[in-house]
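After this come two complexes, each holding subunit A, first together with subunit B and then together with subunit C.
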Partner chain A sequence: MTMMIPYGQRVTPDRQATSRSLMRPRPVGRAARIILSGMLALWFALPLVPLLLWSVANRWSFPAPLPTEWGFDGLGTALAQGGVEAFGRSLLLSLAVAAIATPLGAMAARALAVGSVPAPRLVSGILLAPLALPAFVAVMGLTVVLLRLRVPAIVGVLLLLVAAALPYTVYTMRVTYAAHDLAFEEEARTLGASRLQVLWRVHLPLVAPGLARAAFLSFLVGWSDYVITVLVGGGTIVTLPFLVGSFAAGVGNDAIVAVLSLSAIVPPLLLLLALGRFGRRYAGGTRTPSASPLARSEKGFL
Partner chain B sequence: MSATLRLDALTKSFDGRANAVDAVSLTVEPGECLAILGPSGSGKSSVLRAIAGLDSPTSGRILVDGTDVAGVAPERRGMAMVFQRPLLFPHLSVLDNVAFAATVAGTPRGEAREDARQFLALVQLEGFGSRPVTALSGGQEQRVALARALAARPRVLLLDEPFSALDPELRADMHELLGQLRERLKPTVVMVTHDRDEAAIVADRVALLRTGRLLQHDTVERLYTRPASLDVARLMGGRIEVAGVVREGVHRSPLGSIEAPAGESWPEGESVLVVRHEAVHLASPPVPAPQGMTGVTAVVTARHARGPRAAIELAVGSATLAAEVPASRPLTIGQEVAAHIPRSACTVVTPVPG
Partner chain C sequence: MARSGARAVGTTITALDRQAAGVSPRGSRRWSSIALVAPAVLIALFVVGGGIGFSLVQSLGLLPLVGEASLSLDAYLANGDDLVRGIGLSLAIATASTALSCIIGLTAALVITQGRSTGRLVAGLSAFTIPIPHLVGAASVGLLLSDAGIIPRILGIPGTEWPDIVGGSWWIAVVLEYTWKESAFVALVVAGVLASRVARYDETAALLGASRARRLRHVVIPLARPAVIVSAIIIFVYTLGSYEVAWLLGRPYPEPLPVLAFRLFTSITLTARPEAAAVAVVTTLISLAVVALGMAALRRTPLWK
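Let's turn to the complex of A and B:
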């Protein structure tokens, strides 16, 4: 027999007292948080320091802590070697990847969310498969097929990059649709909105934050790709990573590589900032300023 | 803007399972408010979704002003739906939510908003237009949802348990508001609810549904006092069932002989007498029953607190009775009282076989 707890005897510890101290930020915890975030910031920023220095260095011999000769030779060479064109090409390619992979991912995710897909587990497995497979494994085999089918290199690259970006867009949109209430669309229909009007006036505005996230991720897939462009493009499609790669392979190009690499940071950074602003405007712009921090973080972006 | 709605043997089944809605036929007159009442799983929401065009019926017809709306897209049916959740579009202001129907119909923005303002005033939310929908309370949200639906000028307004999520006081406010709106706009309304009090307050007529079948379509009053079956009596919260036999129009049971109300006749044979417990008067000390009432001597067997009222259970020989009295009445278990049953409140139904 187990011991009976006498009736009416309090067996739980006094919550009031313990929870109050937990709610209040403790000085030790706060200091640790600041140190930790400082270290993280350093971790992310540190690699950029030599890059920044190299981009404005004409010469930097090994033992010297700072460049031995300052100048813009790196920038000059980068421009002369088609840096701007490569930048533009990368931008176009990545935007195209985002423009194709985002709606595709959204449609797949919606079909999966609504439950109109047979064997949904298998289908989501296939859609997520490119994550598990190293890109070059798939590409090696496909290059031959694409060549035989006489698919233009740029189309081949685009196709494969879209496939590589799909897991990210599908996953992001699945999360979005899981929180999306289809009843909003039914309500709009009964109020007289056609399917197309529902799409533009209700459905897309409601999933817009998710779409923006998905587009950003698929842009990044295109923007940072090297393997697929090289293998399928066969050197005919000179993107920014391709240019960086070819210069990095040589000797004495540190300044050019630094300039090109730094320029590669700019578009994702700008997009991230834009996304953050869009998210705030979308989630908080029309709301009262008194919205709780919890509500804001729930609706925040990334 | 109101229309006649007729359901003709409306049937809906999902994936070959038993019919969720089974051959429901009824008519709603223009300007009338029908409550579809039933326990959860009775198929009442399926009926509403079929009317709205959000689901297509398996068989049967839905006629609006005599025209079959089969195959007509939801947006072309001229219905508007208010769900239990307000479903206000979060990316639009309160005013633009109410103006939604006009906007999608192609009305210029300014005109649509002017129109929406009038409907906001109608639900007593003047000046709330520029607010974001997240700045509203639950009751206000449902008011806006109602205004948005009314602004669509529906031929039939569909309400799917619209006030179930509100607390009792707000719900009472909304019932009053719906009453005012009905008076001013005279829309045809079909409202789904599981709350028989709500149905009684809001609706002119009630369609009682259970497991997809229409048990009775009648006025609220008749649903309470003249249930068509024992199921109806029970679903309407009736607590008195006295088995007996009808001979020559008189029901004989442990309660004695009870005559059918004036102008009504009861079928001969075995039948169950049902009467609302609210209609039963208890007299203590016992006094003779007044004209038009049947008096029996009963013993209090149980007493349950119901806030300001008390539910009393009584035994009359082998039969049981129930009554409701003010909580202040000092009736105690074992006490002998006279139960007076108004003849006009009685009706008989066929017993459940077996």
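Let's turn to the complex of A and C:
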């Protein structure tokens, strides 16, 4: 039996007396939130402080809380130890990984999105599988094969890094293609555009933000790799992480480690900022303000 | 008259359509899809399948660098004690890092999705952390927490009294570095989910009179759970198989599995290669088991599609 509710009467019990209204300020909650945010900000920022300080410290004897002698000796040593060459090598390697893994991932994601790939679940599983396999296992298994096939070390490194980057590019592009409307391409075809024109003028511009995110993530895979270059290259491919590792393993290299580490942070950071600007310009301000540029792929970088 | 004209146009369009799509439209589309997906699948299959397969074959002594191939389990038994200790240590490091990352990352995601200036600050700093290589993070944590690091300097504690955070028996610096990087990862993933999906439910619950604690317990956390589980799987598998952080911030003995495998792989003795492969196979088995467990947990969440 339904109960009749007179017009204008409150259905929910009147809780004005016991509960606060949604808009009323809560000083305790506010203070707690600010303290919690401050602690989290410190947590994320603190590990970067030593890099900034040590990179401009010539001397920093122990009990002193700040460098005892400021200067750029660390930078000088880093340059003398081949920092620039290593930086360039890392940049080339990461760009190559991005240039290979992004189109491959996009093509696979496109085929999966159109829905005519046989055994789509198996195919997606295979493409995500490199995420579940530790990189050193792949290297240790395949080195023998690559050696016997006389594959040059740099090709082997590229192959392994591309495989490691594929899960990110495939996933990012699947998210992109899920929101992509094929009707635009059909429309252009109907209006007489050639396949190439559709690809260049309609398809690629529409998925460009997704491609940029995918390229950024695959760049990061190449940029932050250590194990694959060291094990496959056997120390012949000197990348920036390789230099950081060999100096950090020694004693008394604090300034040079800081300089090299900072130079390893700057390029991906610039790319991240560029990606944010690109995404904002492209999306026309439809993004939620709190979501970072990476959040759209719902899976960032490890 | 008009109707037959329209029909003629219709037939022409269908014919053109068929012509454009090839003789058998479905078949050609299928083949072009296979061609699109093939390069990526072949590379992933070669690296994953080949990596596991050849590790297994080498660990069983079937592919020695020199000498005769013979099937044996020697490689698994040669470093029995180290292997068992490595498994325990690696599992402990991965478990601690994953649990801490999820707790801190979820908290950060909640602060971020509040959407105020403090939330934006946390969002910016955590996004800033994401692209930093783990090796750089490890070097920096070393400069921060070692006995001559910046924290003991600021606190004025002499190096002899400072606890062994770097290279100590509790592997604290290693866990902290993983937690630092991976909590930012969890924050990113979970904040993305919370911002897109959960906000509306949370508002509805608030309008229906649910308190903050109840909303957190019954709305936000259940809706964030699938994202947290997926990130936890990724973090666990990554920290289990990652080499550089444990190598730089850990102690020489006992060794986690990747460090043990790396040392054996790069050692001069040729018999050590199969032993390294054996460690790799064991690590893979643990990873796969964790992925399977995680997927089972994921399927049990009510939201999993």
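The working rule: the second predicted complex is superposed on the first by the 245 of 302 C-alpha atoms of A that agree within 3 Å, B and C clash if a C-alpha of one lies under 4 Å from a C-alpha of the other, contacts with A are read in each partner's own complex, and residues count from 1 in each chain.
The working rule: a contact is a pair of C-beta atoms (placed from the backbone, for glycine too) under 8 Å apart; a residue touches a chain by one contact, two chains touch by 3 or more.
What you see is a predicted model, and the numbers here were worked out from it, not measured in a lab.
Once the two structures are overlaid, the count of subunit A residues touched is higher for C than for its counterpart among subunit B and subunit C. Once the two complexes are laid over each other on the shared chain, residue contacts for A:Leu220 go to subunit C alone; subunit B is not touched. Look at A:Pro205: by the touch rule set out above, it reaches subunit B but stays clear of subunit C.
Within the superposed three-chain model, A:Ala193 lies in touch with subunit B and out of touch with subunit C [touch as defined at top].
After overlaying the two complexes on the shared chain, residue contacts for A:Asp181 are found with subunit B alone; subunit C is out of touch. When both complexes are overlaid on chain A, the residue A:Leu48 reaches subunit C alone and has no touch with subunit B. Once both structures are placed on chain A, subunit A residues 189, 288, 291 are touched by subunit B and, in the other complex, by subunit C. On subunit A, the positions that touch subunit B within their shared complex are 181, 183-184, 186-194, 197, 201-202, 205-206, 208, 282, 286-288, 291. Those residues of subunit C whose C-beta lies close enough to touch subunit A in the complex are 20, 26, 29-30, 32-34, 36-37, 39-41, 43-48, 50-56, 58, 63, 65, 104, 107-108, 111-116, 118-144, 148-150, 153-154, 156, 158-159, 177, 180-185, 188-189, 191-193, 195-196, 206-209, 211-212, 227, 230, 234-235, 237-238, 240-244, 247-248, 258, 261-262, 265-266, 276-277, 280-281, 283-284, 287-288, 291. Those residues of subunit B whose C-beta lies close enough to touch subunit A in the complex are 52-54, 73-77, 79-81, 83, 85, 87, 89-91, 93, 100-101, 103-105, 132, 134-135, 148-149, 152, 158. Only residues 12, 15, 19, 22, 29, 33-34, 36-38, 40-41, 43-51, 53-54, 62-65, 104-105, 107-108, 110-112, 114, 116-118, 123, 126-127, 129-142, 144-145, 159-160, 162-164, 166, 170, 189, 220, 223-224, 226-227, 231, 241, 244-245, 248-249, 254, 257-258, 261, 264-265, 268-269, 271-272, 288-296, 298-302 of subunit A touch subunit C when the two sit together in their complex.
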